[in-house]
Amino acid sequence: MRTKKIVSVALLGILALAGCSDSSETATTGSAPPADKKITVGFSVYDMQYEFFQKMAKGTQDAVAAKGWEIKLHDEKSDENEMVTGASALIDQGVDLLIISPFKPTALGPIIAKAKAKNVPVIVNDIGGGGTPYDAIVISDNAGGGKLAAEFMDKQIQANGADSKNVASITCEPSATYAARRNAGFKEEIEARGYKVVAELSGNSKAEEGYKVMKDILSANPDVAGVFSCNDPMGVAAANAIKDAGKSPVTDIVSVGFNADPEALTAIKADLLAATVAQDPAAMGALTVTLGEQALNKQPIQFSNAAEREVFNPVTLVDKTNVDSIG
Amino acid sequence: MSTQTMTEKPSEKAVTGRSSKVSLGRLWDTWGVTALLVLLLLCTPAIAPGFLEIENLQSVLRESAYVGIVAVGMTFAIASGAFDLSVGGQLALTSVVTLMAFNGGGTAAAVAAAITTGLLCGLVNAGLITRLRVPPFVATLGSLFVFRGIAYLLTQDGPQTLPYEHVDSPFAKIGSLNVAGLPVPFLIMVAVFAAGWVLMRRTAIGRRTLAYGSSPSAARFCGISDTRIRLFVFVLVGLTVGIAALTYITRVWTADGSAQDGFELKVIAAVVLGGTALKGGKGTLIGTFSAVFLVSVLNEVLVSQGVESAYQRIVLGCVLIVALTIDGLRTRFASPGSFRRALRPTS
Amino acid sequence: MTNTIKKVPLLVPLVLVMAILAVSTDTFLSTGNLENVLVAAAILAIPGIAMTFCLAMGEFDLSIGSTVSLAGVACCSALIAGQPLAFSLVVALGVGALIGLANGVVITKLGVTPFIATLATMVIVRGASLAYTDGHDQIVSSPGLKYLVAGRPLGVPMPIVLAVVLAALGWWTINRTRFGRWVCAIGSNREAARMSGLPVDRIRIAVYVLVGLSGGLWGLLISSQLQKGNGQLGLGFELDAITVVVLGGTALLGGRASIVGTVLGALMIETIRNGLNLLNTPPAYQRISVGLLLIAALALLALRRREKRGTKPNRVPARVQESAA
């Protein structure tokens, strides 16, 4: 595994070198970066232990290599101190553009202050912007994803012929305010469709706790017709709990997750999970590089939400009908 | 650990941790980790050329300050024969309260809030231990949950933050300013270490803490009060957390209940790696100081080499074992007092 | 009866909490929910029982959470590689036992204090689990593995069967065998135990292997529930296991062990968690309640001990303390 990674990094390096000659032309068309200097992009990643961020890093690396630029990766390892230290170090090392998917969005302040002082544009990838003056943020439409989940759940519950209008919602840890938009979007839409969210409990983003919480929900409200989980580890864990209680996570209690992690796709194929909401981390990574280039060249950026400088990356609902076409 | 203390009441020599006899083992106790750190620093530029950049060095000094500051308090706690497992909870709670105070009343209020909250946390622990007679390990394990829980309650609607418009406030500058090229958090850390050293080596309460740690019952017979030692040690830990929170929060600008999960293990590991015995009775602040930087420089080297975080963990764990093994083997085979120690009456 | 209450101080608060929940919710006493609580408590009690031995010895093991992760990963990857179930289970338990053995050897032969040794293995084993999986889930769909949590021999859920058997074994070992007495002897005075010729090092290693094995079993149970293994499972579990034992009244300084207390401790934690979930309470309150419970239980215990003992023979009279200050 390790060797494979080294080889791929080496290949990327060669690609970057090969692409160099082309990029000098494109670079001259832009105004800000001098033609003789290769652009270096710093990317500070939330946590490389997670597949989602591995894909995001891959998408970013590929897009950077395609432009003939260089990339420096930093792993925040799910730690706000490491995030501030490492991202500041990238700026110290002279990167021309900083892309960051922040472990704690509210800790972006000192990083952006430093970047501003050195005139380095900052593009935030996902999670949140923490109310700081970043140049742009690429974000999955979390609330929109929650709504998609609610729409699907409503349809599926009706198809199942259940008469209960009670559903449950499992949230991430209390501090994940941006992921909470998923549950908020879900709640708003499902209540508009005449359902009642009878339990809203936190599984702290962990599979183990998601399983236990679902068991407790089943005890307290045996008649729930659906459950929405803030991420897939908890979603699949909840589905396992439902299955262990002798019910079907698709036809008895409609279980929906979020992220389209491989385990969720596997579960959907095996009728263990009804649906999940797919984000496309690789596309998000590529989008940050495009936006970064625009910021470097002082070109205007097309925002989905100009007030917050947000660029939405669309989310899609994945269920049994389209699971084979995904990842 | 001097062997005379075991069978006799603690003598002045033993209590101050100094002895006329110079042995390799004794040197290792105080300077071993420092030697390792120097060795690592000598090798580092060859492995990671960027390491010597001024900004990088400043970053290393700045990022470890909060660990180092709490490690001073923890050195006293461990030297007295007790842990404080609640420092992570204390740091989270103090940081949250400090930011609330800053957003309500500015820099002065924030500083006052940090120190007060830290002291209060320490008092709570001391109260549990001395009044309710709960063993320190359990008392602080319990208060870890409680402090974190309160921090979670205070941040139910989202983390507390330092708003970006205050980027130039004196408060935010605590974390980012350099004085004569040295980061302010590092200077604060050095001051805390210096104060700690004076406290441990030059004051009665410091010596009594060591004496108490080396043998609580002997110390009791010499008239040292348990209550006072416990109160001193745990309030001191709280105070250091308060100071550390100031350097921490002005660097990361945000706090909630989950801030610095596992902080207690980080701090205790640094103290023990530095050469302070978990059994109590021996404390070396110089060792603690070096250990804090040993860990952060090593981390820095691993990161600069592009080592994945999974492998970083493995290396750091192995270093911990190797460093402590040297110490363990030395006390096991080289100390002539092992037999006499066996006769030591346990309290 | 009063004797039982004195011996197992957790009994009264546990009954109290259950009574409160029975009144304040209409679902707590349903069979489904009681079984749910019992199963969760059983899973928590299993590592607790082994950890009881460790704490009785005056030591503790911080690496058990990482063991949960690596054992789960080992079992699931073996299953994915097409190995038979029995082999996969043995591999997982073997991984646990090996980690325990490594802990024991580092602690006894290299003289590293247990806190640091197990802290280091905690970090190393977690790293190994992450490195081996490269951050990916090892997903299985194994009815055989599922039997560990969903199986019902004689109608009783499998985790409860396992916990009852292990608790009985643990109780018997602590109270009725030489090994149990030795463990407590080491806990009350290790050097004295060594001087009287006990094979102290071997006993300590055995206890760490025991804890490792229980971590392996815990990992199997978690992976059985979730049908997967990965590097993120079991984070923070070491505190759960230790909390259960401490809550159960096994003295941290060693020398005393209460398996019944540990089982009740597990029951207490899971009852509270379940109750707060039934009442739809935010997670912050769960942490606070566990912390307060821990402090209250231990404070009660300590105060009672002080009453019983009166003045300790070697306690310094107050007058001397005054003059020293």
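A, B and C label the chains in the order they appear, each numbered from 1.
Keep in mind that, in the parts below, contacts are C-beta pairs under 8 Å (C-beta built on N, C-alpha and C of every residue); 3 or more make two chains touch, one makes a residue touch a chain.
Here the structure is a predicted model, which means the values were calculated and not measured.
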| item | value |
| --- | --- |
| Most remote chain, CA-based centroid, reference being chain B | A |
| A-B compared against B-C, more contacting pairs | B-C |
| Distance between the centres, which are taken as Cα means, of chain B and chain A, whole angstrom | 36 |
| Where chain B and chain C are represented by their mean Cα positions, the distance between them in whole Å | 28 |
| Contacts with 2+ other chains: residues of chain B | 152, 156, 257, 308-310 |
| Sequence positions of chain A contacting 2 or more other chains | 2, 48-49, 173-174 |
| Junction residues of chain C - those touching two or more other chains | 130-131, 231, 282-284 |
| Residues of chain A defined as touching chain B within the complex | 2, 5, 47-49, 73-75, 77, 79-81, 83-86, 88-89, 92-93, 104, 106-107, 109-110, 112-114, 130-133, 173-175, 177 |
| Contact footprint of chain B on chain C as seen in their complex | 62, 106, 110-113, 115-117, 119-124, 126-128, 130-131, 189, 191-192, 194-195, 231, 236, 239, 242-243, 246, 252-253, 282-295, 298-299, 302-303, 305-306, 314-316, 320-321, 323-325 |
| Partner chain A, residues of chain C touching it in the complex | 25, 27, 30, 32-33, 36, 40, 130-131, 134-137, 139, 141, 146, 149-150, 222, 225-228, 231-235, 273-274, 277-278, 280, 282-284 |
| Interfacial residue positions of chain A with respect to chain C in the complex | 1-2, 48-51, 54, 173-174, 199-202, 204, 206-208, 211-213, 215-220, 222, 233, 236-237, 240-241, 244-245, 261-263, 266, 270 |
| Chain B to chain C touching residues, read off their complex | 128, 132-135, 137-139, 141-146, 148-150, 152-153, 156, 217, 220-225, 228, 257, 261, 265, 268-269, 272-273, 278, 308-314, 316-318, 320-321, 324-325, 327-329, 331-332, 341-344, 346-347 |
